[in-house]
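Look at the two complexes coming up: chain A is in both, with chain B in one and chain C in the other.
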Partner chain A sequence: MTGVENSRAAAAFVSPAALVSLAIAAVPLLFILYTSLGGAALSLEAFENLLTSTLFRRSLYTTLEISVSASLISLVLGYVVALHLARQPPRRRAVYMVLVLLPFWTSILVKSYAFTVILGREGVINLVLSWVFGTQVALPMILNRFGVMVGMTNYLTPFIVFPVLASLLAIDPALYRAADIMSARPMRIFFTITLPLSLPGIVAGVSSVMVMSLGFFVIPALLGGRQDVMLANLVDFYTRETLDWNMAAAIGVLLLAMVVLLSAPALWMRRNQLAGKA
Partner chain B sequence: MSEYETKSGLIRPSRRRLLTGGAALGIAAPFVLRNGRAQAQSKNLVFVTWGGTYRSSVEEGLIKPFMAETGINVTVIDTPDLAKVKAQVTTGNVEWDVFDAPGAMGTGGSREGYWEPLPASLFDASDLSIPATKDLVPFYTFAGGIAYDPKRHPEGKYPRNFAEYFDAKAFPGRRTFRNRPSETLEAALLADGVPPSKLYPLDVDRAFKALDRIKPSVAKWVDSTPQTITLLQTNEVDFSYSYASRVKTTGATGAGMAFSFAQTLNGLEYLAVLKNAPNKENALKFVSYALQPARQAATMELLGNTPVSKKALPMLSAETRKWLPNMESDQNLVMDEMWWSTNYEKLSRRFKEWVLS
Partner chain C sequence: MSDAFDLKDPLKRRYRRFGTALACLVYAFMLVPSLIVIPVSFGTQHEVRFPPREFSFELYQIFFSSAAWTGPLLQSLKVACLTTILALATAVPAAYGIVRHDFPGKKAITLLLMSPLVIPAIVMALGLYLYFSYIRLTGSTLALVLGHTIYVTPFVIVMVAAGVQKLDPNLEFGATLMGAGRYRMFATVVLPQLAPSIMAGGLFAFLISFDEVVISWFLVSATTTTLPVKMYSSIQWEISPVIAAVSTMLTVLSLVVCMLTAALQRSGRGQ
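Moving on to the complex of A and B:
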């Protein structure tokens, strides 16, 4: 199949889903864009207000900082899990995958309270540490950035595990055998075979996790400190508290723009891959 | 009748099912005849209120007796949200009738013109401790103040009023505040020595200056109300700004927290009827019914908040009254929700920036 035929076939398969999502996503999105411009007024006032607001700039900075660090930590944690899963026999792997999925089935709100019990000043970890060292230990692990990171990576890691695992399983085992025959060391095998060939999974995982973390607000609100304010908190503030949908929509549009920019590497990767195969 | 017991927030019964449900009540007919044309079109009412035990208290004390007396079928929906009111009113697609609104939501909706006017004849003005406005009627007041763990902080070791709450030297310990200017700025000014009767209009600059003093001792600016209690229970903080009715419920599980009634900030909860509500006549009837002394007493006995009906107060049990603030005390404050309705947005922005800095 040539590249052109390939993409034609792809278009045929994708179009029903695309039409549905256009209808249910694109129309409201256009409406949000319209609202952000002040409706029929078509003014950029909301955007001007945002860009000159300290509150917005600080939240934007915090949001990016938290999203990037949560994504990177999730990548490291998730990659290790995916590596381990890839080496299991299929049946055991299936069981482990269910374990990875378990946190999904618990509400984010309940998990946040559970973390208070685990990480709190009198939580499980501090109690064990106090007992081990025979002195009162009260490490501050919630109501600060650390708590936010634990809460977010707990939620995000599975989203890294699955795409990376798919990439790892797609690697031809013959490559590993060849490397082994040539007496390559495990580190060398990892850096010349495993890592580069799992890159599509990494890019897919990291971009989706980044996009998700841009919209977080329950976890920072419950586990974070006073400076851990995300843009989503601001959207909530303008939508429900001040009813200023103009501003809320403008933040939404800027968030969407960031998401689009972030998905660019994934698209670029995909294109390169297609070009490579053709 | 079973509709209102299902999770109506998730599964909305269809209009037809509601209508058959209403008709099945049987007692509908005479009532319709007595109350004229508008009634004939509807035996239903949609009431938006809070979930969990709050909801079951309101169902028990108010909604079930209302349905039994009037034959009107009430559908209860969880979680009042002013953004949804805005969406319904501005698109002309109103689905809700009565809205259970905390102060800021009530006055905010009033400012935007989302509520129907409430005729003065609906209420016995002499019985209400706080007067109704043209489109809002107070449902009850709730007492905010200082919560503590009596086992860790016995008498004399906990701050009793806001001046002491702001005194980190005399009462060392980690504290909470709400992550919003309302209540927090009031507490700051009371702590700074402004008498409750002279608080409004708030001296905002003075309040922020007082807050600067206590900021290092605040471990959490709380967004979600239940956290005002859980942080105290897990010993994450020593003292917490919370609510008497919330603190009261901790007693049921054993290790009870305590609440200082020496000084309280009393917020208002309103009832409002949405503009162009589909069952407007029923809604007005419901709001009037909710303010009757007997209903106020039955509902507040379960909710643990202060009724606005003066006659209802002595009807409450001694146990419940123990958890209500003495509204006669000059140390207690009733919040001025009208002042907030014009100042909330600007001050929220300033407050949030101040918290971040």
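Moving on to the complex of A and C:
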């Protein structure tokens, strides 16, 4: 096949999807940019308004705070599971994998509802505590920061497990054997072999989880309170409640910029890995 | 890492047991929300309680007998089916073209096709809302299907591209040598071999569309409300116990899709 022939074949296969994406993904993004600049006015007014708005600044801070802490907690939880999975023989690993895949595929609405049943005022935990202590216990565990954190870490943990497991499985077993022969202690093995060599998985996992949590909408809306309004909820508020589309679009542009910046390390890591392999 | 020989060391054994115990706690934490809705769904409408005091199918009866729930259910089924068809029709050839061909602008096009994986759903939802308001499409089923198609396309491409990479290019080359045109070769040689990946990609597309809430929340109208949107507003405003029944059915659906794709991937590997 000649080069021209090759391109023509490729065009035939790729162009339908590319055209749909251009029309339904690229154009809407341009619409956001255009709207954030006040349409034909091309002014930065919406951005200036955002930066002086207390509501926006508080919600930006809340978003960063929740995203960072939820990502770190899910990293710890996911790492524990990935370590356990990596130790299993392949057959048993496939079985344990279902325990990660089922929550991975469970709808975020099901999870949010489940947490209102578990953590709610008359929820399972309060019921058990009331029974244990013999008095009415009603710890507030939803519609506050605690509820958001539980819901988010629950949702994000599987997304850490997959990349970390992949890099744990890529570690050469000979290293462990060598460490064992040298009678290194478990902690030392973990900190000199396991942890550094799983770094690519950690970076990939944490950055994808951060990217996801910046845009979280359902969990803060259903499990959070007034203090836990994240940027995505603010977009919803401006779009549908106050009909201030310029503000909503400006937040959208900022969210997009943050996401692009954050996914850079993962992309960079992958390119380095590919370069290393070549 | 599955080395049994080092377990003679008691210190190591203790660490390992500790690690397993921690892992079990995290497994439980991950699974509990998916599972707890099942017993609750067999309770009654008067109290949301775990464990329920009496066993009944009341919540399911309410769900299937009220148009406020079955309407969104049918709408979600419709949107998910149409999305799956449209996404497969565009993403399967695209995945093949990306894996097998080099062409100018390949990186840019791949980036464009995969971008919905990174772009927050809320940003896509807002963009689609502004755009569809402009062309007067907001609120229609078509708007939902188009929005969902963009959203599921990268997942289908990833699944199918992995399948294409396992194919033997010599078969395609042979068919071309024997005089089969590009499309005939694709339809008779490539597609049949890709069946397991296409099925798996289609299942993913269906499930993701069926569960999608953020984009739908921005695009639905009163007559095109989907099940997740109905569920979202229901949890927000009233917490009707019927949600437990819906949740159970959604969890079962996730489980079925999860099992089916695992089986498909195994059969794909066996070839």
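Keep in mind that, in the parts below, the second predicted complex is superposed on the first by the 234 of 278 C-alpha atoms of A that agree within 3 Å, B and C clash if a C-alpha of one lies under 4 Å from a C-alpha of the other, contacts with A are read in each partner's own complex, and residues count from 1 in each chain.
Please note the rule applied: a contact is a pair of C-beta atoms (placed from the backbone, for glycine too) under 8 Å apart; a residue touches a chain by one contact, two chains touch by 3 or more.
Given the structure is predicted, the values throughout are model-derived calculations rather than measurements.
With the two structures aligned on chain A, chain B clashes with chain C. After overlaying the two complexes on the shared chain, residue contacts for A:V137 are found with neither chain B nor chain C.
In the superposed model, A:L44 lies in contact with neither chain B nor chain C.
Judged by the touch definition given at the top, the superposed model places A:L72 against neither chain B nor chain C. Of the two partner chains, neither chain B nor chain C is touched by A:L197. Of the two partner chains, both chain B and chain C are touched by A:A221.
In the superposition on chain A, A:F237 contacts chain B only, with no contact to chain C.
By the touch criterion defined above, A:L55 reaches chain B but does not reach chain C.
Ranked by how many residues of chain A each touches, chain B and chain C are led by C.
After overlaying the two complexes on the shared chain, residue contacts for A:V259 are found with chain C alone; chain B is out of touch. In the superposed model, A:P173 lies in contact with chain C only, and not with chain B. Taking the listed stretches 77-85, 131-139, 275-283 or 311-319 of chain B in turn, the superposition on chain A shows a clash with chain C for 77-85 alone.
On chain A, the surface patch touched by chain B in one complex and by chain C in the other comprises residues 113, 116-117, 122-123, 221-222, 239-240, 245. Residues 81-83, 86, 104, 108, 112, 179, 218-221, 223-224, 227, 230-231, 234-236, 344-345, 348-349, 352-353, 355-356 of chain B are the ones that touch chain A when the two sit in their complex. Of all residues in chain A, only 53-55, 58-59, 113, 116-117, 120-123, 142-143, 221-222, 225-227, 229, 237, 239-245 touch chain B in the complex they form. Residues 6-7, 9-14, 16-18, 20-22, 24-29, 31-32, 35, 77-78, 80-81, 83-84, 86-89, 94, 96, 98-118, 122-124, 127, 154, 157-158, 168-169, 171, 173, 176-177, 180, 185-187, 211-212, 214-215, 217-218, 221-222, 231-232, 235-236, 239-240, 245, 248-249, 252, 255-256, 259-260, 263 of chain A are the ones touching chain C in the complex. Of all the residues in chain C, the ones that touch chain A in their complex are 1-3, 5-6, 11-12, 15-16, 19-20, 22-23, 26-27, 29-34, 36-37, 40, 48-50, 86, 89-91, 93-94, 96-98, 100-104, 106, 109, 112-113, 115-116, 118-124, 126-131, 134, 146-147, 149-150, 153, 157, 182-183, 186, 207, 211, 213-214, 217-218, 228, 231-232, 235-236, 239, 243-244, 247, 250-251, 254-255, 257-258, 262.
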